[in-house]
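One chain, chain A, links the two complexes that follow: it is found with chain B in the first and with chain C in the second.
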Partner chain A sequence: MEEATVNVDSQEHPEEASIEKHSTMWKTSGRIVTYFLLFALLGLLAWGLAKVQRGQVHSGEAPNFTLKDFNGNALTLSDLRGQVIIINFWASWCPPCREEAAYLEQTWEKYKDRGVVFIGVDYVDTEKEALAYINEFKVTYFNGPDIGTRISQAYNIQGVPETFYVAKNGQLRGVKVGPLQSPELDLKIEELLAETYP
Partner chain B sequence: MLANIGLVILFIAFLLSLFATLSSVYGGVKNKNAWVESARNASLLVFPLLSFSIIVLLYSLYVMDFSLAYVYDVSSTAMSPFLRLTALWGGQQGSVLFWAWIMSAFVMIVLLRKWEENRALMPYVITTSMLTTTFFIAVVVFITNPFSKLWYIPGAEDLIKTVFQPVGAVQYFPVDGRGLNPLLRHFGMIGHPPTTYIGFTGFVIPFSFAIAALVTGKSGEDGWIRTTRRWTLLAWIFLSIGLVLGGRWAYDVLGWGGFWGWDPVENAMFMPWLTGTAFLHSVMMTEKRGMLKKWNMILIILTYALTIFGTFITRTGIISSVHAFSKSALGPAFFAFIGITFVSSLTLLFTRWDTLKSEHQLESFTSREAVFVLQNMLFLAIAFAVFWGTVFPLISELITGSKITVGPPYFKKVTGPLFFALILLMGVAPFSSWRKQSLAKVKKVLLTPFLISLGATAVWGYVHRTHPFSIFGLWLVSFVFFAIITEFWRGIRVRMASRGENPLIALFKLFRRNQRRYGGYIIHLGVIMIALGVIGDTYFKQETQGTLKVGEALKIGAYSLRFDGLQGFPGSDGRDIVEAKTMLYKNDQFIRELTPRRDFFVVQQQPVTVAGVYSSLNVDVYTMLVGWETQPTQSVTLKIYVNSLINWVWTGGMVLILGILIAVCPSKKSKRRVTYVMKSNPLYFESFLGD
Partner chain C sequence: MLRKFFFTVFVVLLSLFTAVTVVYAQQSNPVFPTDDDVNAIAKKLYCPVCPNTPLDVCETQACKDWRAQIKDQLTSGWNEQQILDYFVTQYGEKVLAEPQRSGFTSLVWMLPVIVLIIGLGFVSLLLKSWRNRRNHQVSDAPPIPSITPDVLAKLEKELQEID
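On to the complex of A and B.
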């Protein structure tokens, strides 16, 4: 609603008719611009509302994607059938992400040889800061930037951090919104590992 | 049974508020007094009726009547009675009812107090405020009803939550509830949410007066703006308290070592605070000089619009936020509500634009008027920057198809210089005078504080050579601090000279005589202290993280933290606690034991981090238990923040609130003057403001 500040006090005490005419023109165009901006804002909110009401994709087949890590190695989700997959959306600028980073890495170390894949999807970030973050927390699992936010949009994430759980058969088994904390990820992985896959 | 009565009463409240809205419009337009009186009586009844519903809900929470879906969702047998009662606003349904209830209280107070004084405005004050109240009650009744019950259809997976029995369903009586979100199980729950709600809802009153003034064409007169100022001040006080408490709560509970993250939910609260603050300053121009009427009208409408905009974005989650509000069905209805409110107020404003004529023009660019205008521009610029950063992800996603979130660096970079200018102005502005200004005089007065602040900055700059940018911040803070002290000293000296009072008496009398003005300075001092805390947070924050075995220590700056062992035990409210015992040393000197811990809420399967904090005036050492292993040997991963100067934020917050109390606390003198002056001319404010 900041738009309402347009053309404030632009013509008080008009002294001459020409000025008055001129100022009326200004006034009218100011009003049109203000209305335009207001309706633009409302349109934006309506669009956002429609999008959010759909919510995160949290069941059914996990949307497929190919992610390149910071060195250019690619990974495709559909190639990983038979393994439990943890997709974590994060960003270096996000404080709660920092909170869960150590726990994520610790859990990855614990499960990496047991048929579990962790995928870090770096959401809206700069490479330099993202790499500094990865260094800081000594993150060793697969991590890459979500170029053009394609993956974030496919999963319709509402923020970071969000973590999606994918079962061995490629089906989504829920999403955690907000930072993971010990031992919830362990519990979820154990649950998904216990499932049988042909 | 009782819940059913609560439900019926709620529905009656809805009908009455709807009636009040319609009746007041009819009475206002047709000039039929009986209808307006009737609207007033109906409005007055809404508060007691909603109070009854609130009491029923509180009682249901207290006795744990889990047959109600709301009670089942937000309370459990493991929760203490205190937490169960605060759960009234712990979930969507209860909080919207609570919201409507506070709003109806505000309306009732206005209608009881100001009836005769603002008689001409009243029909439309009722219309505007009761239309809003009706909307919120309607949301409670039809969309998120706290008196919904739980139903079970044999064979179905999920329970159904509705007020009336669905076909083929049987009522379900759980033995225990799911319990309040663990993050909300905190003592802060008694403070931050209610004060924030009071602040937010309170702005409906100034907004209603502004709309009524526009509708009746009386917006050029002065009466309404005085009333509006008082109500804005009241809402603003609660919003300020809510902000401070919210920051403190985030620091204690969210466990990332900070108090402000530029999250959309925080911004939603900050924006109306900024525009409200701008209004409280610029309204003095209208009171004293009859200027800026259009501007003030815009600010009132904008502030109210921002409160409902903020409520909308946080409650619908359309802008990603780390705060988890449950997704709800109230989105479309709320959208319609804000759409109608925004468009109709703007249209009304444009239609009545010419009734808002200024009585004076700006005479000099160094006058107090000009300083006020500049200050208002800065507030608005900050509010706009925050607004832009908040909605930007949505805009970028719509236009480019990819979401770009700006994050705290944007907010810091953009608002930092604006805050710098604003705080500087805060130091200089009190020395400016109305109409015209001698610059030389101001320079002379400000020379001393300027020189002292340079000295202080030189010392600080030498000690903290590694952080050159912090020097600017400190110079600013010390300069404005000494400028305010100078202002106090000037007042004291005059009294000492003219009345022969001793300095303490003079200071006391100064406050008594000019509560509003000197309360304002105390508020400014509070802001300075908060600024000092922000400087510490920006430039001197240190953090480190490491994994330790028993006996090992993690070093950060002058501090080291030794890990001595883990222990687990069951806690209250149904949680299992794992606690790390650690010893904090500074320069090898033992300070105290810190016990960062992790509480795991068994029923909710949700962990909560509880930091171990050592707090002193200058520095907080904030430790968190990030993770642990017990095999093969005990080890923990700890995170440590060293937060310098952070306590100034809380101290400053308290000083700010103290200043507000001084400024608004009615004194004998001001009461007498109000009764005497109300029918007189606006000049009275000259003396009240104590120029």
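On to the complex of A and C.
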């Protein structure tokens, strides 16, 4: 519409039409830039909100990671294919973690020779307190700090404790939010051990 | 016999004195950070558990542990930057109260400036385009008829007559 006006004007007043055209061009570019910035900001906001609302990763392939324990020994999740894996996020400052600590260790002792691996991921903790916690509950399964919170971000945990179940084929089979209570972990492990694949 | 006893006591005391001196010398510059020293760094960090709570005022166990860690690090002679770097490495950039000025988070600092520059540019272009249009409209207005010297002389004469 504006373009048409410019064309008509250009026949009668070429100078005015040129200024009008110039002005329209700048206005259009300005609008494009403004809309682009606006949509970019809205997109960023939506992405952030979606990330927060997404909740824990509880299905599909378990995000791979390498965790180093407090002595520097490394363990990579993908190397454990063929075994049932229990990934427990915990912290020494978390009271509910203390509620489940003994039960986790007992269950580990019960299943460690049956193709089950337990991995403790220590979330935003201090090493001194984490080691004291491990000693207090005599935890013997693999445990290490989540350096840079990369693992907890990959699993999108919402707090601690949270326990993720990984089947022998590397697929996630759910997540338990909050402290585990006997015998729920036993039942889940039995269920995962019973899984067969073609 | 008595001389031997005093000699032995002297040797023992000398050994103890030497040992104490050596231990003290090893800790020649001991650092005893105060709570203010710890909080000066803690306020640059955020609690990992509660949203938007600075570490220096947070009373959760996690924050108490973190502050104790800062105190240990200060006692070991770490400086502020080393401690902040340690926390970023250990717990991620999100623990910083003020985002870093490098990498992806530098966008937080740059974006408002970029938006401001683009906004100012846009406003200046808009003003320029309005000014051009107004000048053009003014120049399009019917020309004011020029006053010739004859007419001017006539006008002056008439004014003088009125006076």
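The working rule: the second predicted complex is superposed on the first by the 146 of 198 C-alpha atoms of A that agree within 3 Å, B and C clash if a C-alpha of one lies under 4 Å from a C-alpha of the other, contacts with A are read in each partner's own complex, and residues count from 1 in each chain.
Here is the rule we use: a contact is a pair of C-beta atoms (placed from the backbone, for glycine too) under 8 Å apart; a residue touches a chain by one contact, two chains touch by 3 or more.
Please read all numbers here as calculations on a predicted model, not as lab measurements.
Between chain B and chain C, it is B that contacts the larger number of residues in chain A.
Within the superposed three-chain model, A:91 lies in touch with chain B and with chain C [touch as defined at top]. In the superposition on chain A, A:60 makes contact with neither chain B nor chain C. Touch criterion met: A:37 reaches chain C, while chain B stays clear of it.
Contacts of A:184 after superposition: chain B is touched, whereas chain C is not reached. Judged by the touch definition given at the top, the superposed model places A:198 against neither chain B nor chain C.
Of the two partner chains, chain B is the only one that A:46 touches; chain C does not reach it.
Of the two partner chains placed by superposition, only chain C is touched by A:22; chain B is not.
With both structures placed on the common chain, the touch criterion links A:72 to neither chain B nor chain C. Using the contact criterion defined above for the overlaid structures, shared-chain residue A:149 touches chain B and also reaches chain C.
Chain A residues 27, 34, 91, 93, 124, 148-150, 153, 159 lie at the interface with chain B in one structure and with chain C in the other.
Contact residues of chain A toward chain B in the complex are 1-2, 4-5, 8-9, 12-13, 27, 31, 34-35, 38, 41-42, 44-49, 51-53, 55, 91, 93-96, 98-99, 102-103, 106, 123-124, 136-137, 148-150, 152-153, 157-160, 177-178, 181-184, 187.
Of all residues in chain A, those touching chain C in their complex are 15-16, 19-20, 22-23, 26-27, 30, 33-34, 37, 91-93, 124-126, 128-129, 145, 147-150, 153, 159. Only residues 48-49, 60-62, 64-66, 68-69, 72, 89-92, 94, 115, 118, 122, 125-126, 129, 132-133, 136, 140 of chain C touch chain A when the two sit together in their complex. Here chain B touches chain A in the complex through residues 254-256, 258, 261, 292, 294-295, 298, 301-302, 305-306, 309, 312-313, 316-322, 324, 327, 331-332, 335, 338-339, 342-343, 346, 349-350, 353, 357-358, 361, 380, 383-384, 387-388, 391, 394-395, 397-398, 401-405, 407-409, 545, 598, 600, 605-609, 624, 626-629, 637, 639, going by the rule given at the top.
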